[in-house]
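Below is one structure, written out as structure tokens; comments come after it.
Going by the order they are written in, the chains are A, B, C and D; count residues from 1 in each one.
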């Protein structure tokens, strides 16, 4: 599921890992899809809406990603949470709170907890295990939708891979845009899914504007991301992804 | 007019494998106001006869009538009532309730008769005076001499105005002077109240006092003489 | 004069049965009393030993070698390096029937596709756990961990049910390595175990030690070496303390420490010490209840025979002789009672209650106290001796009262009395 | 002069025997009165210390909060409810609490901790934590970002009094909640689970950190007496606002405690029952004797016309009087012993530490209640009378002639 997040944050999760040149078009397709998203680096501003049966809350965030494992996110809105930040470096993660001006390292055991109360976990942000490595991929269906060929890829988890999913089903367009990602448990029962909608152009790339993650058993609980600004392959210094940088407030303007 | 009629009564006791014929087809009448002694050696059947008359026991054969009533037709409870209201008992020993005073011992039987308290007190006082024990009223049996105890016993037997008083060896534990006094007292009562007295005894003095002497031997009547 | 001359014994024996009903009644009181002492103490002891055993079984052992820091901060930082080597060295110090189990025990997270839950991950050598801890016992479901099974995992039945898992399912386990980084690995559930404590079932998962070491890139590490004394009387303080001293001598300089279970479970150790006192109190209480009856019965028997005692005195028997006769009678009474009661108790414990008493209906309550669901009575020689001892000693003491009474009857008095 | 008096006099015909019998009954009675008082007292103490440590006698929570605590399931405007509740007659104290699961970090270590917001002033009336401070001090009304923490949690986080602890969690509205609090005190309740996982903050501070906007998670009630809690809960449920909330009693909050009390009570009852049976056999002989040595006397009584039924009553009266004397004596002794023990308390000795794990205080105080004074004696009374019946019921089959001859 980390993947989900990845995709949703486009940004950083998906690394073009040096996946062994697996043959087969499915692998290439998946690899290309994630390459398309990831870019070398990214800058984004997006809103995150957490929906619950009796409650809904929207935050606006800003983030940078670089390479396979670095990411930095700040909350811009609501004002109360403004300045809260998350830094991800390698497999480690820190949380920064401006009120107390401290950055707290999350212990591994907290990584599976929800990130900022959303349906994404800290792990979703931090983990970068490649879908490419942990799964075997196969194209199971092709169809034509709106003039594009859409591939359905079934990715079955490898026996020993440290992933909790039994399989994932990805729908990828012929221009490598990921349309949806479904997560199945070991009994091949659908647990949760992420869907992408509203394809628009962000700095020259067609990209889904809205991403929704929801659990199958609770339809009324979901988290929706909506991109407002998204730039790819911009020049970002490595020192952006440091603790000192996390604590500085200058990136909020 | 007889008060008690014993009609060919037999009684057999079993003790282990041995059976013992205490009474053998005995027939006998007692008239109202008689003062009778049943005499005979140990085992002659006199106590058994007394018990049958007193409805303490039932005969194996024959019948006992008390005031025309066949005792064998009565149940336990009716017999107890008969004893309570119409018969008085005086025994050789263990006669009184040890934890009650002389007055209370007498009072107790009236209590059983459900006589009301006022009447009870009067009756107890009267009878104590009659037997000459007014000053010993609040003494317990162990504080009384044998003669005094037996006098209380007689008082208790007589206080209910019974028709018959049955006395089993009343003088056996007493010296002769005391025994004589007791007998004189009972004779007095027999005369004044017309109460029938039946004694089981082998004390010659009792036989002297008796108006009628019935001798038993081996469960049979050997003689029956009135004086 | 011999104390137990045949004639006195015969007289006392026959006297005892002059009033069979009375003797039977008081014997019943004695028998019921002693049975209650023995059977209840057997259950009490069973409950307590179950409690101790559960605690010791709960990965404690009789002696445990740890880095002393681990007890304060159970992190991999406070590990034992080269644990196997140390375990082997310690093993040489101890008798052959002693078992050592090396474990790596750390906090972690168990993840399934639907849930994450905090767990205690224990890396074990499955063979070494047999007879040492609850995980060495037959599983509730599935197959045991095979020594070479790098991906096998055992889970508590309670946790299995809570997470809606089944045998054969895959789970991902995460823990923190020495550098503070999270390491995760996929495992398959091979089997599920049942533990006395539901809490244990919901918290502990077991994997092969080697596989855990590999996962954390910490070859040869462990956090504890647990030592079980199998046949030695493990509850006897001396034995354990003796071993602890010897082990600590050997561990000198290694920064490790051996601790006996009494120190590991101080609260339970204290409770055990109190248990004997509680039992003794109960014994005395029951005895007092029947002591009154005993005194009364013997007193009655003595009063009844006042005349005989007078006669015996008249014939020249000294008062001490009378005391002796009465005491022999009391002793007979007690001995018969004890023999019957001991037999009945034995029968009750070994036959009637052989399969224990099920306290299942007090589920949450017994768990709170760490009591096993099924309590098996434990006959301990010391309890039996104590129960019988209390009865004989106090019984004779109580019997002395009527005996002294009997000795006081003078011939004249008794003759006059009747 | 009546039968009761007669029975009473009969008892003293053989004073030694009667005294022994009475003592046996008195002993068992006194023991039962004391033991039941002791057990009831201990249960009350156990419940009380558990109640005082965390749950209170009765709680009001938002629906579903007890089953699955979530920050959003709050009680809004608790003051109103508080007003409503304090009107109840038997309420001893009420306090408000809120809870949040956070990541707490010390200098080097982090771990999950349950943070409880408490009103220090109310809490001291309702909770035992203020008395269990082992180092530093408890919270006061004026405290800001100050916290007290369980000894084991402090040990794990390597925190001491005066150290700062960073908390990170989420607020009621889902916002990010973070705070630095100064540890002002470390408490040790003896219950490991509690000492390992709890940190307390002033409620006002909690409200700010976790954006509670005046809402709380729990209303905690204690009553003057434990026995009031059921009635109190029922009364609370009637309240206008409480009807929409969930009212829970201590039994529902800690089912383990209730069952362990039941277990202890039942094993106690089994022991007492056995004891009473032993006593019954002990005195059965006395009752037999009292009848058989007086056979002849019964013969006389029956001869003069007393019916066996009346004799039975008389003899039962005798046993009854004897039992009553024993009971009264035993109850008196039991009460005295209990009162003395209640005054000074009974130390559990070395077991205290073991007991502490289960929230048992160091000294136990027996508690005299109507129940503890009556249940044991009643049991003894019934069993004794049944025992007395065994020989007495042979009287009706007694024949006057045989009785006279014996």
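By definition in this document, a contact is a pair of C-beta atoms (placed from the backbone, for glycine too) under 8 Å apart; a residue touches a chain by one contact, two chains touch by 3 or more.
Since the structure is predicted, the reported quantities are computational estimates derived from the model, not experimental observations.
**Q** Apart from chain D, how do the chains cluster through contacts, with nothing moved?
**A** Ignoring chain D, the remaining chains break into A, C | B.
**Q** Whole-Å distance, chain B centre to chain D centre, using C-alpha means?
**A** Comparing mean C-alpha positions, chain D is 67 Å from chain B.
**Q** Whole-Å distance, chain A centre to chain D centre, using C-alpha means?
**A** The answer is 56 Å.
**Q** On a C-alpha centroid basis, what's the spacing between chain C and chain D, in Å?
**A** Computed from C-alpha means, the inter-chain centre distance equals 27 Å.
**Q** Give me the residue numbers in chain C that touch at least two other chains, ranges are fine.
**A** Where chain C meets two or more other chains at a single residue, that happens at 118.
**Q** Going by the contact rule already set, what residues in chain D reach two or more other chains?
**A** Answer for chain D, listing residues that touch two or more other chains: 112.
**Q** Listing for chain A: what residues touch at least two other chains?
**A** In chain A, 105, 107, 109 touch at least two other chains.
**Q** Once the touch criterion is applied, which pairs of chains come out as touching?
**A** Every touching chain pair, ordered by label, is A-C, A-D, B-D, C-D.
**Q** Residues of chain C touching chain D in their complex?
**A** The contact residues of chain C facing chain D are 21-22, 25-26, 28-29, 32-33, 36, 40, 72-73, 118, 266-268, 270-271, 273-274, 277, 282, 285-286, 288-297, 299-300, 359, 362-369.
**Q** Where on chain A is chain C touching in the complex?
**A** So the residues of chain A in touch with chain C come to 1, 91-92, 105, 107-109, 111-113, 121, 159-166, 183-186, 191.
**Q** Under the definition above, what is the set of chain D residues touching chain B in their complex?
**A** Against chain B, the touching part of chain D is residues 1-2, 6, 9-10, 12-13, 296-297, 299-308, 310, 399-401, 404.
**Q** List the residues on chain C that touch chain A in their complex, please.
**A** Contacts found on chain C: 107-109, 111-114, 116, 118, 151, 169-172, 174-176, 180-186.
**Q** Spell out the residues on chain D that touch chain A in their complex, using ranges where they run on.
**A** Residues 72, 103, 105, 110-112, 166, 168, 170, 173-176, 178-180, 211.
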